[in-house]
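For reference, the structures are reproduced in the following blocks.
Next, two complexes with chain A in common: one pairs it with chain B, the other with chain C.
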Partner chain A sequence: MEERPYRSASGAPIALRRRQHSASCREVAVRCPRLQLRSLSAATSAVWLAAYGLFVLSQNSMVLSAAIFITLIGLIIYLHFVKIDQESLLVIGSLGIQVTSSYASGKESTTFIEMSQVRDVVINEAIHMQKVIYYLCILLQDPGDPQGVSEVVPLFQSSKPRLDCLIEVYKSCQEILEQRKTAPQSS
Partner chain B sequence: MVLKIFFPSCCASAESGILIGRWISEQNSAVILAVAHFPFIPVQVKQYVSDVQRVAKVDVSVLGSWSNSKQEKEESLSEFLEDLGIIFSHEPWIQISKEGDSKFWNCSTLQKHSNNSKEEEIILVYYDQRKVMLSHLHPPLDTATSTDQQTADASRLSAIFDTVAKSKVLFMTDRYDDGPIKLTHWQSDGVEASIIVELMKQASVPVCMLLTFLLSLISGLCRSRVLKFWPLSFLWSKLSTCEQLGHRLQHLQVISSNKKAQNQTQLMRKANIFVSLLIDVALGMLLMSWLYRKNRIGHLADTLIPVADRVAEELQDLLQWLMGAPAGLKMNRALDQVLGRFFLYHIHLWISYIHLMSPFIEMILWYVGLSACLGLTVALCILSDIIALLTFHIYCFYVYGARLYCLKIYGLSSLWRLFRGKKWNVLRQRVDSCSYDLDQLFIGTLLFTILLFLLPTTALYYLVFTLLRLLVVIVQGLIHLLVDLIDSLPLYSIVLRLCRSYRLAAGVKFRVLEQQDGKPLRLLMQINPLSYGGVVQTYRLPTYSCYPKDSWTSLCKKLFLGELIYPWKHKGEKQD
Partner chain C sequence: ENSPAPLPERAIYGFALFLGSWFGFMLYLIWAYVPETWLFSLGLTYWPQKYWAVALPAYLLVVVGIGYILLFGINMMSTAPLNSTHTITDNYAKKQQQKKFQEEAIPALRDIPISEVNRMFFLPEK
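Up next, the complex of A and B:
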């Protein structure tokens, strides 16, 4: 198990951790940039300054308590639904691929894709805002067409690692995916 | 090739014995359902297994041996276990052994007819048998439509869930039964049952029969010829209360039918309808108790007439304003006066009608309020109908204004075509050129000018009344939205997802447990519950109203041309 620092597409520091549980099971986790104290205090001060300005205009103290309430609720919603702490990929040969996102409040959202539905794991390019970035994605098999791709599942969308990190993850995944081609029976 | 063994966590501390389960050869996986303990007679075990196979229609067989030794491994036991492999010939024969309290087990397979001598890797997946048995796997919504492929390559997860769910008969014997074999599974400590559920099942049969009888009476009454005469049938179709009552009647028929629910979806549907009806009636009773306390009905009736008067007065003021110079625009005085007086006379008729009804309002409201005990949705529908009745004059004005404006627009467009020397060919449905006589052109131009200069007046009246009508429509629409929400929300499924989230599964998730080198990979399989959005989307109850199919552009076009708009249409009504 090792942890190495990399950079995300926007320049923030992220860390990649790889673990090998057995010959056909690997786990790769990317830790996203943490919530900065700077941005948190900036947002809170902005909301409270606006509320104080409204209070001076209207002389209604409800505005201040409403602002505190809004800040608290907004922070809870942000930590529970928006801020992703860690994204991980668990590849179990002949069972499937599991994609987990853990949020800052501890919530985990998991998706498991069976190996029979996975066609391949590839690195793709995409135009995101004003940049072209690389992203890793899982290609799902189209049940009707053996050569077709029915869906593309992008991975690591919130941490957006750069190409060097993606190549490491790609190599780890492909080593396991190749095993299913060399096996005598296909699963 | 990797061998996957699905082992129930309840059998982890069972005594030594043999493993009974299902072998799925195309996925190279073994699903262990139970452990049968020593002593047993192999012939009886084979008989029992084939009985289970016949009843449950699941391919159950003896898969291997399980040894749980408290002290060190005994050599004779391992030979005995290998001999068992010869008696119950199964390919491959799985041997799992656990020593003491160690978490890491030894798994090995015996293959008699194997070509490769390489040790294949074994993955041990623990699963919670009770949760997997009770859970219902929901396929992703896009693959649910393609059913022909599913039987061909059924996903391995659904195969495992199916195996455990269908083997219910295997789990019915517990350790207190005096059968030939002793099994360990999730129910082996005693079969679970609930007295309340059993009592309710027994009580529901006569209740359902009574309900069916009552419903057949009511529906027979509704279908009688008396109610089919023209004025009455027109009235029933326009009142939304009758639609809602018919909808609820249908729901009651679904619940009280004698047929048992075939599959999970139907069962959930019945449960959702039942809970929705219950909540509806409870909320309706609450509303009723609130209304009838402190004579609120009397207060409501007392304020109704003044409100209607006030609305009529406001309309009169509006018409006086339009008859003057509204917003500085200069109207055609003669047309203005005609239209204004026409509408004012209507309002006068309406006010007289309301005053005629005023002594009876309180009594009518009192009896109508009693129908709130049928449900909150019925009360809301009645409210919407009362609003429609009270603003009937606005609806009439809208229809007059719209028809007048529509006529004007069609006249103008036709005369504009005449102006340019063209004609609308009804047969060919296109515009053709046409040569007109001089007097036709003269009269046409005159009429065109007259209509054009009268257009602002008519357009203003049309605009004002359309806005009023849209306001009423929006209020009614909001009430109907609320009614639809109460009708279609699957409350039972949502509460099930909250309390017993393992019953609605979107998939599974694996957790890697502690590993040790040389021992097989240990994983824990847990159920990944369906998201709340998925629950609502899958189990939504169908409603009877369909929302506007018109896009905004076609709505604006209709408004511009003066065609009558009916934004909220019910299913089954003919489109205008």
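Up next, the complex of A and C:
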């Protein structure tokens, strides 16, 4: 188990941790950049300065208490619903793929995709917000069409690792997925 | 048949447009600047309000400005999201026919599936 530093698409430092549990089970976890103290202070100062300006204009002291409440509740909502701390991928050959996102408040949200639905795990490039980014995605098999792809599940959406990190994750996943072809098909 | 070369018909169209646009511009200047009483004395009474001589150009400029933002927004909305299959394939790629492989010939152009492309790029060949 080793942890290596990489960069996200926007330049923030992220860390990749790979574990091999057994010959057919791999786990890959990407730790997202932490909440920066300076951005938190900047946001809080901006909200409080605006509230103080409103207070000077309206002479209503409720504006200041409301600003404090908004800052606190906004921070809690951000940490619980928006800020992702770690995204991990668990590939178990012949069983499936599990995608976990852990939020900064401790909440974890998990998605499991059965192996028979998984067609392939590929690195795709697409246009995202005036940039072309590489991202890892799971291609789901179309049940009616053996050559078709019914759905694309993008992974690591918050940490957005760069291509060098994605290639490592891709190689780990492909080592497990290749075993599907050599192993006998079980219905 | 469809060449951009100058032709007699195109010269006539161009001259007609040139005269028409000059006439339209002169008409607009007369409507905007000549006082209403002079126009009434000539018998030309059914003109739009002169307010529009200033309002329409102002509206047009705002439309041009909004057009920049609108085009940018339409572009962003038409971009396929990251989870759509349009980033991988489309109707033409799904319906393409496989051509027979001929020895010593350049292979036919076709859309290569993304799994194959990934394996070629990212998995080192032993």
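Please note the rule applied: the second predicted complex is superposed on the first by the 185 of 187 C-alpha atoms of A that agree within 3 Å, B and C clash if a C-alpha of one lies under 4 Å from a C-alpha of the other, contacts with A are read in each partner's own complex, and residues count from 1 in each chain.
In this text, a residue touches a chain if its C-beta (ideal position, glycine included) is under 8 Å from a C-beta of that chain, and two chains touch if they have at least 3 such contacts.
Please read all numbers here as calculations on a predicted model, not as lab measurements.
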A:E87 contacts which: chain B (first), chain C (second), both, neither? neither
Tell me which partner A:V122 touches in the superposition: chain B (first), chain C (second), both or neither. second
In the complex, chain B residues that touch chain A: 1-2, 4, 27-28, 116, 121, 123, 125, 143, 146, 149, 153, 155-157, 507-510, 512, 515, 521, 523, 528
Chain B contact footprint on chain A (complex, rising order): 21-25, 27, 90, 92-95, 98, 100, 110-112, 114, 116-117, 143-144, 183-185, 187
Taking the touch rule as given, give the residues of chain A at its contact with chain C in the complex, in rising order. 119-120, 122-124, 126-128, 135, 137, 139, 148-154, 157, 167, 170-171, 174
The answer for chain C against chain A in the complex is residues 79-80, 82-85, 87-89, 94, 114-115, 118-119, 122-123
